[in-house]
Amino acid sequence: MTRLLAAPEAELVFAALLLTLLAGLVLALLAARSVLTCILLMSVFSLTMALWLMVMDAPDVAFTEASVGAGVSTMILLGAALSSTDVIPSVRPGRFWFPAVACLAAFIGMALALSDLPVFGDPGSPPSSYVGRLYLEHTPHDIGAPNVVTAVLASYRGFDTLGETSVILAAGVGVLLLLGGSLNSRDPVSEDVSLRISAGSPVLSVAARLLIPIICLYAFYVLAHGEFGAGGGFQAGVILAAALILHALVFGVRETMRALPVGVVRSCAALGVLGYASIGFIAILHGGRFLDYDALLSPVFEAGLPSSHLAGGHHHWGQRLGILGIETGVMLAVASTMTAIFYAFAGRVSRSDEAGAA
Amino acid sequence: MLEAIAWIGSAFIIAAVGLSIAGAVGVLRFPDVYTRIHAASITDTGAASLMTLGMLLMAGLSPAAIKLCIVWLFIMLTSPAAAHALAGAAFGSGHRPILGDPRRPSEDET
Amino acid sequence: MTLALALTPYVYGLGFFMMAAGLLIALTSRHLIKRLIGLGVFQTSAGVFYILLSKVSGGTAAIRLEADSPAARSLASRLDAAYIATHGVDGVVYSNPLPHVLILTAIVVGAATLAVGLSIIVRIRETYGTVDFEELAALEAKALRDGREDEA
Amino acid sequence: MSPFAGVQFASPEVIQHAPALMIAAPLTAACVAALSPSARWAWFSSLGGALFALWMALCLAADVAQSGVVSYAVGGFAPPLGIELRVDDLGVFFSLLVSILGVATSLASASLLRLELPERDHALMQAGFMLALTGLLGLTATGDAFNAFVFLEVSSIGTYALVAMGASRDRRALTAAFQYLIMGTIGATFFVIGVGLLYSVTGTLNMTDMAEKLSASSSDRAAIAGLVLITVGLALKAAMFPLHAWLPGAYSAGPSVVVAFLAGTATKVSVYLLIRFLMDVAGGLEGAGEGLLNWLIAPMAGIAAVVASVQAVFQTETRRILAFSSIAQIGYVLLGVTSGSVAGLTAALFLLFAHAMIKTVIFLCLGAIGHRGAQLETLAGAGREAPWTITALAIAMLGLAGAPFTAGFLAKWRLLGALADGGRIWAVVAIAVSSLTALVYCARILETMVFRTRRSSASGVSEASPAALAAIWFLAASSVWYGLDASALYDLARQAAASAMGASS
Amino acid sequence: MTAGEILILAALGTPLAAAGLALVFAKIRDVRDTVTIVAALALTCVCVALLAETALGRPPEMRLAEPIPGLSIFFRLEPLGALFAAMASALYLLNSLYSIGYMRARREPRQGRFYACFGLAMCAVSGVALAGNLFTAFLFYELLTFATYPLVTHKGDETSRRAGRLYVLLLGGAAAALLLPAVATIQAMAGSTEFVTGGLLAGRMDALPAGVLLIMIVFGTAKAALMPLHAWLPGAMAAPTPVSAFLHAVAVVKTGVFLILKCAAGIFGPEIIATSPAAQGLLWTAAATILIASATALTRDDLKERLAWSTVSQLSYVISGALIAVGAGVVGGGLHMLTHAFGKITMFMCVGAVYLAAGVTRVSAVSGLARRMPLVFAAFLVGSLSVIGLPPFGGMWSKFLLITAAFGAGEPVTAAAMILSSLLSAACFLPIVISGFLGEPGEAALRSGPVRAPFLTVLPPVITAAGCFGLFFIGDWVMTYLIPIAERAP
C-alpha cells in the first residue's frame, strides 16, 4: 500500500490526534453510568487503539489489540455483564477522594519525568538507537525472517513468549477452576443456549457454514505468514477461537461442545504449552541452549535444503522451523484457552437463566 | 491514465466517508431500533465496500489489489448477515417496530 | 523538528493521563465489572507509553523490505538521503520493533487478567447476589460479626 | 565459604542448563497435571516437577559457589539481544527457598486438597500451583527486566484463581481474590511502567546492561521516576505497609495449601526484586537507590512492624492473625534491608528464610488438621486430637515469637545487633515493641491449642496424613536445626548480602 | 574432653535426662519418682564437684556450640555461678522429695509433665549459672520461662491460666522487648558478650548509652521482680506449693537477680555503674520496691501471697547490692541470694505442709495450730528469723554486709530502706509463729483426729532450717570465696 501522506511529521500529528480521541474515550468511560455503555466504550477504545497502533508502525500489535482487545475481551465482558445488574451506583465522596489524590500524585510524579523522556519520534533516542537498531541489523543474519517483530518475539526473546503462553494457560486453568464446575460433568449444558439469537434462521446458518472454514483457513494463513507480514501465534489462535465461537453462537453451545468437548479443549491448552517447552528441550538435547532453534536441525541436514533468497545465502531452516513450531504451540494454547473461557461463560449464562427463570 | 483511475479512487473514498457520516447521523437520530440498525448497516456495508473499491482503484495491478478484492467479498458476506442477526435478536427479545408516523403516537404503541 | 518537540509533552502527557484515569476507575468505581475495565485501560495505557517510545518519525513497520523494492524506493523518496543514511537500515528507516514485542505480551496478559477477574465476578454474583462493592463490604462486615457471635 | 562449595549434584552437561531446566521443569509438570485424568496423577507430576526444580536449584547453588555468577543466554543469543538468566549468590538463595517450600507444599498438597476441595478440581489446582512455582522460580533466575514482569504475571494470575477456590471453605475468598487481583495487577503494571521508564533512559532491558547505562546517563529524572514506580509496584506485590490491604483477606480465606506456599514465597520474591533493582540496577544512580531505601521504605517498614503486630493481637480468626504477622515480618525484613550494612542485609535474608519456613509450616498444619472454622476458638484443645501436627505447629509458633533454640531467635538477634550498630535506634524500638506483641498472639494461639480442653461444638480436627506430616516435620525440624547450628544458612545469607551490596558499592 | 567439661555436660545433661525419663515413665509412679530423686542427687554431686574445682582456682570452661559465626554457647565457671548452681541443685533435691510427698498426698493429675518441666527448668537454671557469656545466659533464661509456664498453669482452671498468661506476657515480653535488644546491641558494640572481671564495656562505652543498656537489662530481667514488673510473682502463687517453693523462692527469681549480678560485675563493671546516673535511679527504684513490697506483705492475709510479696522485697536487696558500686555490694548480694533462698524455701515448704495437714491457707486461721504441728512451725520460725536477718542465722551476714556496703558507698537511702524492711518483715512473720504457738486454738486446731503432714513434706523444711543455721557459721568462708568476682578491671 503506497502512502499518500507527505511529510513524516504528518504521521506524528495524526498519531497525536488519535491519542486525543483515545483520551476522550477514557474520559467518557470515567463518566459512564451503565455497564453496557462501559463495555461498548471499551470496545471502541480497543479498536481506536488498534488504528493508532497502525499509524505508529506497529501492525502486529494493532492486529493483536483488535483481535484480543476488541474481540475476545468484549465478548467475555458481555458474557459476564449479561447476568449482572446494569446500572452503576455513584461512589460516595468519602471513598472517592483518597484514591483520586493518589492517582493525581502518580500522574504528577510521572509528568515530572517528562523532561527527560526522548523526543517523540526521535531516531537518536536511547531505545531506538541501541537494542532496537541491533535487532533490525542482526535479524537477516541470525534468523532470516523479514518480520523483525516475529523474529524477536519467537527467537531472540522466545523465553518471554514461553512465559506469556504459560500466562494464558494459567488464565485458562483459573477460569476452568472457577466456572468449570458444571461443564465437565457428563451432561453438557442442559438446554440449548445460543445467547438468545433466533437459532436456525437460514441466513445465519448459511453465512456461518460458509464463513467458518474461511476463518479457520485465514487463521492458519496468519500463523504461517507470521514471519513475513504482520501475524503470529496469538492472532491466529484468537481467530481460530473466533471461528469456534461463531459456530457456538449460531448453532448453540451444545453442538460445539459435542464437536469439541471441554476435556479436549483443556488438554489442547496444556499440549500447546508442552509443545513449546519440548521444542526448547529438543534444542538442549541437540547440544544448543534452551530454545536455541539453530540446534534443532543437524547442520548436514540443513545444508541440503535450499537456502532462503532473502538472507543472502544463509540457511536458517532451523530458526524457521523453530519459529513455526512455537507459533503453532502458541496458537493451540490461545485458541483452546479462549474457547474454554467462552464455554465457561456460556455455560454460566444458561445457569443464570435457569436461576433467573426459577 | 493511471492518474485518472487514482483520482476516481479518491472520489470513491470521499463518497464512502460521506456515507459513513450519514450512517453515524442516522444511528443517532432515528427513533427506534430497526431504523438505527438500517443506518448502521449503511456504514458497515456501503461505506466499507466503497472504500475498499476506491483503494482497489488506487492500488492498480498489484498483489494488494487481489487482497482488497477478497476483503471486499468478505465484507459483502458478513455485514448484511450481521445486520440480519442484530435485527433477529432485537425482534427475538421483544422490540416491535414503530409503524406509521413517528411524530404522532400511533394506536398500537406497545 | 520543532513540531516533534512541541508534540512530545502533549503525547506523553496524554499517555500518563490515561494511566491515572484508568487507575482512578479501577480504585473507585462501585461496580466490579467497571473496576476491571478501569484496570484494562490502565494496562493498555502502559502499552501506549511503550509504543510512544518506539516511534521513529519517517519510519515504517519493522518488516525488512528489500533495499531496492518499489515500496522501499517510494518510502525513501519522502525522506532526505542524509536522514536515511544515518538512521535507516539498508536504505529504509524502521521504527523500533522491541516495544512492539513487549506490548504483544502485555495485551495478552491484560486479556488473561480480565478473563480470571470476570470469572471471579460471576462467582461473586452467584454467591453474594450483588456486584456492588459497597454492598459486598456491608455483607461481609455483617457476616464477620455473626461469625464472631455464633462461634464464640 | 558457601556450604555448597565443592559439592557436585549432577554431570556438567546437566548443570550447564540448570537455570533453564529449573524453570521449565515445573512448567512441564503443570501441563502434565492439567492433562492428567485423575488427581493422583496430577499430584505425582507436581511432586516430580517440584523435586526436579529443587535438584536444579541445588546444582545451581553448587555452580554459583564455584564460579560466582552463572549467566545463561536463552535461545543462544547473548544479551542485550537475547534474554539472559543471571543467577548470583542472591538469586540462588531465593531459588533454594522457593524450591524447598515448593517440594514441601507439593508433598502435603494431596491430603490438604482432599480436605477442602472436591476431587474434580485437584488436577487443575496442582497445575495452577505448579505455574505459580514456575513464575516464582523464573523471577529468582531472570536477568531481564521485562522477563521479570512476565514471570511476575505467570506467578500471580494462577494464584488469583487458586485463592478464589477457597470459597468452598469460606465464601469471603471470592471478594478477597478479587481485591488481590486488582491490587496485584496494579502492582505489576506499575512495575512494567517503571521498567519502561528505565528502558527509555537506557535503551536496554538486561539488568546488568541497564545498570551500566544508568551510571553513564545524564537524564536522572526519568530514571528516578522509573525506580519510584518499580518500588511502588513491588511494594504492592510484597504487601509493604500502606499497600498491604489485600493480604489479610487472601491469606485468611484461600485454600490452606495455596496460602502455605504463598505465605512462604510470593511476598519474599518481591522483596528480592526490590533488592535487585534498588541495589544492583540503581547502583549507578548515586543516591537514588539509597535515597529510596532510606526515606521511603525504611519508615514504612518500621510502621508495618508495629501496626501490623498490634492489629494481629486484636484479630479473632486464626489465619487473619497469621496474615497480619506476615505483614509485620515483611516489615522486619525491610528494616534489615534498609539498614545499609552487609550485616543488616544478612540478618534480613536469614530472618526471611526462617520466617518463610515457619509460615509455611503453620499454614500446612492448619490445613492438614482440617481446621474449617475460621475463629481461633474452634481450635481449642486441638492438641489432643492431632498431637504430632500440633507439636510441629507449636515449634513453629515458638519460632515465630523468636523463642530460643529456633532460627527466628538467632535471626532477630542478628537483626537487632546490626540495626543497633548502624545507629538506627528507632528501628530497634520498633522491633522490640512488635516482638512483644508477637509473643502475645503466639502465646494466645499456643494456649488455645495445647492448654485448653476440647469444646464439644468445635468442628472435628484430625491428625495430618503421613505425607503432610513428613513435609511439616521436615520444615519444623529444619527451623529448629537452624536455631541450633545456623552456620550453613548464615553463610549463604552472608554471601547473598555481600553480592547484593558488593554490586552496588 | 577435660574433667571440667564432662562435669559441665553432666550438670546440663542430668536434669535433661530426668525430664526425659519422667515423661517416658509418666504413668509408673514409683519409677518416675525414684528417677527424679536419683537425678537430683547426681546433679548435686556434680555441682558440688564444680564448686570444689572453682574454689581450688581451676574454673572449668567449655565452648559447646557456635550456632552463628561470632555467637557461641560458652560455659565458664566463676565463684558466684558455681555457688548458685550448687545451691540450686541441693534445694532441687530437697524440693523433689517435698513435691513427691505433696503431689502424692493431693493425688494431682499430669504428674509426668510436672516432673519433666521441673527437670527442664533445672537444666535452664544450671545453664544460666554456668553461662560464660550473656548470649548463653539469655538462651537458658528464655528456656526457663517456657519450661516453667506449664508448671504455673498446672491446675488448668481459669485462674491458673490467667496467671500463666500474665507470667508469659511479663517475663517473655520484657525479655523480648528489653533484654534481647540490649544484649544484641552489646554483642554488636563489643563484638562479644563474655563476662569479664571488671566489666566488658568498661572503657569501651561512655556513661549515657551504658546507662540506657543497664536500665534495659535490669527491667528486661523481669524475673528479678523489680517494680513495676513484679505483678507476675504474686499471681504465680496460683501454682501448687512445690512450684511456688522451688521456683518462686529459689530457681526463677534467683536466676533473675543472678543475671543482674553477673551483668553488673561482668558486663558493666564498677566504674560505669559508679558514674552512670541510671544506676542511681535504679537504686532508688529498688529501694522503693523493698519498702512497698514489705508493706504490702503485711496487708496480705493469704500465707503464700505474704511470702511472695516478701520475696519481691528481698530480691530488691540483691539488686541494690549489684548496683552499689562497691565490691562488698556484689558479694553481699551473692550471699543474700544464698541465705534468702534457704530461708524462703523453708517457709514455703512449711506453709505447704500446714495446708496439707490442716487445709489452712490464711494467716488468721493459723492460731493455736503450732501445738498440733510443733516441728513444722519451729522450722518456719527458723526460716523467718533467717529472712529477717537475726544473728544465729545466715541471713544476718548477708544483710549486715549489704547495709554496711550501702553506707560505705554513700547510699543512705538504700541502707535505711533495708533496715526498715527488716523490721517490717519481722512484723509480718513473727505474729504467725506467735499466734500459732500461744494463740487460743482456732476451729482448725480443734478439729479432732491427728493433724499430721506426710513425713516427706516435713523432713525437707527441717533440713533447710538446719541449713540456715549452718550458713551462720560458714558465712565468712563464703564471703572470702566470693571476693574475686567483684575486683576492678585489671
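By letter and in written order, the chains are A, B, C, D and E; residue numbering begins at 1 in each of them.
Methods note: contacts are C-beta pairs under 8 Å (C-beta built on N, C-alpha and C of every residue); 3 or more make two chains touch, one makes a residue touch a chain.
Everything quoted here is computed from the prediction, not taken from an experiment.
Engineer: Quick one: remove chain C in your head and tell me the pieces the remaining chains form.
Structural biologist: Leaving out chain C yields one piece.
Engineer: Within the chain touch network, how many edges lie on the shortest path between chain B and chain C?
Structural biologist: 2
Engineer: Chains shared as neighbours by chain A and chain E?
Structural biologist: Expected: D.
Engineer: Need the most distant chain from chain A, centre defined as the mean of C-alpha atoms.
Structural biologist: E
Engineer: Just grab the chain with the largest centre-to-centre distance to chain C, centres being mean Cα coordinates.
Structural biologist: Relative to chain C, the chain with the farthest C-alpha centre is E.
Engineer: Out of every possible chain pairing, name the one holding the most C-beta contact pairs.
Structural biologist: Chain pair with the maximum contact count: A-C.
Engineer: Pick the chain whose C-alpha centre of mass, unweighted, sits closest to the average of all protein C-alpha coordinates shown.
Structural biologist: Going by the distance between chain centres and the overall C-alpha centre, it is D.
Engineer: From the mean C-alpha coordinate of chain A to that of chain D, what's the distance rounded to whole Å?
Structural biologist: Chain centroid spacing, chain A to chain D, equals 31 Å.
Engineer: With chain centres taken as the means of their Cα atoms, state the distance from chain A to chain C in Å.
Structural biologist: 13
Engineer: When the centre of a chain is set as the mean of its C-alpha atoms, what distance in Å lies between chain B and chain E?
Structural biologist: 98
Engineer: Report, in whole Å, the distance between the mean C-alpha point of chain D and the mean C-alpha point of chain E.
Structural biologist: For chain D versus chain E, the centre distance works out to 44 Å.
Engineer: Which positions in chain D touch two or more other chains at once?
Structural biologist: In chain D, residues 146, 150, 153, 157, 160-161, 164, 193, 199-200, 205 touch at least two other chains, as defined above.
Engineer: Can you list the chain C residues in contact with two or more other chains?
Structural biologist: 19, 23, 27, 53, 98, 102, 105, 109, 112-113, 116, 119-121, 123
Engineer: Mind giving me all the chain pairs that touch?
Structural biologist: A-B, A-C, A-D, C-D, D-E
Engineer: Contact residues on chain A for chain D in the complex?
Structural biologist: 109-110, 112-113, 115-118, 125-132, 134-135, 138, 142, 155-160, 162-164, 166-167, 169-171, 173-178, 180-181, 184, 266-267, 269-271, 273-274, 277, 280-281, 284, 288-295
Engineer: What does chain E use to touch chain D in their complex?
Structural biologist: Those in contact with chain D are residues 65-69, 71, 135, 138-140, 142-143, 146, 150, 153, 156, 161, 164-165, 168-169, 172-173, 176-178, 180-181, 183-185, 187-189.
Engineer: Residue numbers of chain A touching chain C in their complex, please.
Structural biologist: Those residues of chain A that touch chain C are 2-3, 6-9, 11-13, 15-16, 19-20, 22-23, 26-27, 29-30, 32, 35, 38-39, 42, 45-46, 49, 53, 56-61, 64-65, 68-69, 72-73, 76-77, 79-81, 83-85, 88-92, 95-96, 99-100, 102-104, 106-107, 110-111, 114, 117-125, 127-128, 131-133, 135-137, 139-140, 146-149, 152-153, 157, 160-161, 163-164, 167-168, 170-171, 174-175, 178-179, 228-230, 232, 234, 310, 334, 341, 344-345, 348, 351-352, 355.
Engineer: Provide the residue numbers of chain B that touch chain A in the complex, in ascending order.
Structural biologist: Those residues of chain B that touch chain A are 55, 58-59, 64, 74, 77-78, 81, 84-85, 88-89, 91-93.
Engineer: Can you list the residues on chain A that touch chain B in the complex?
Structural biologist: 1-2, 196-198, 201, 203-204, 207, 210-211, 214
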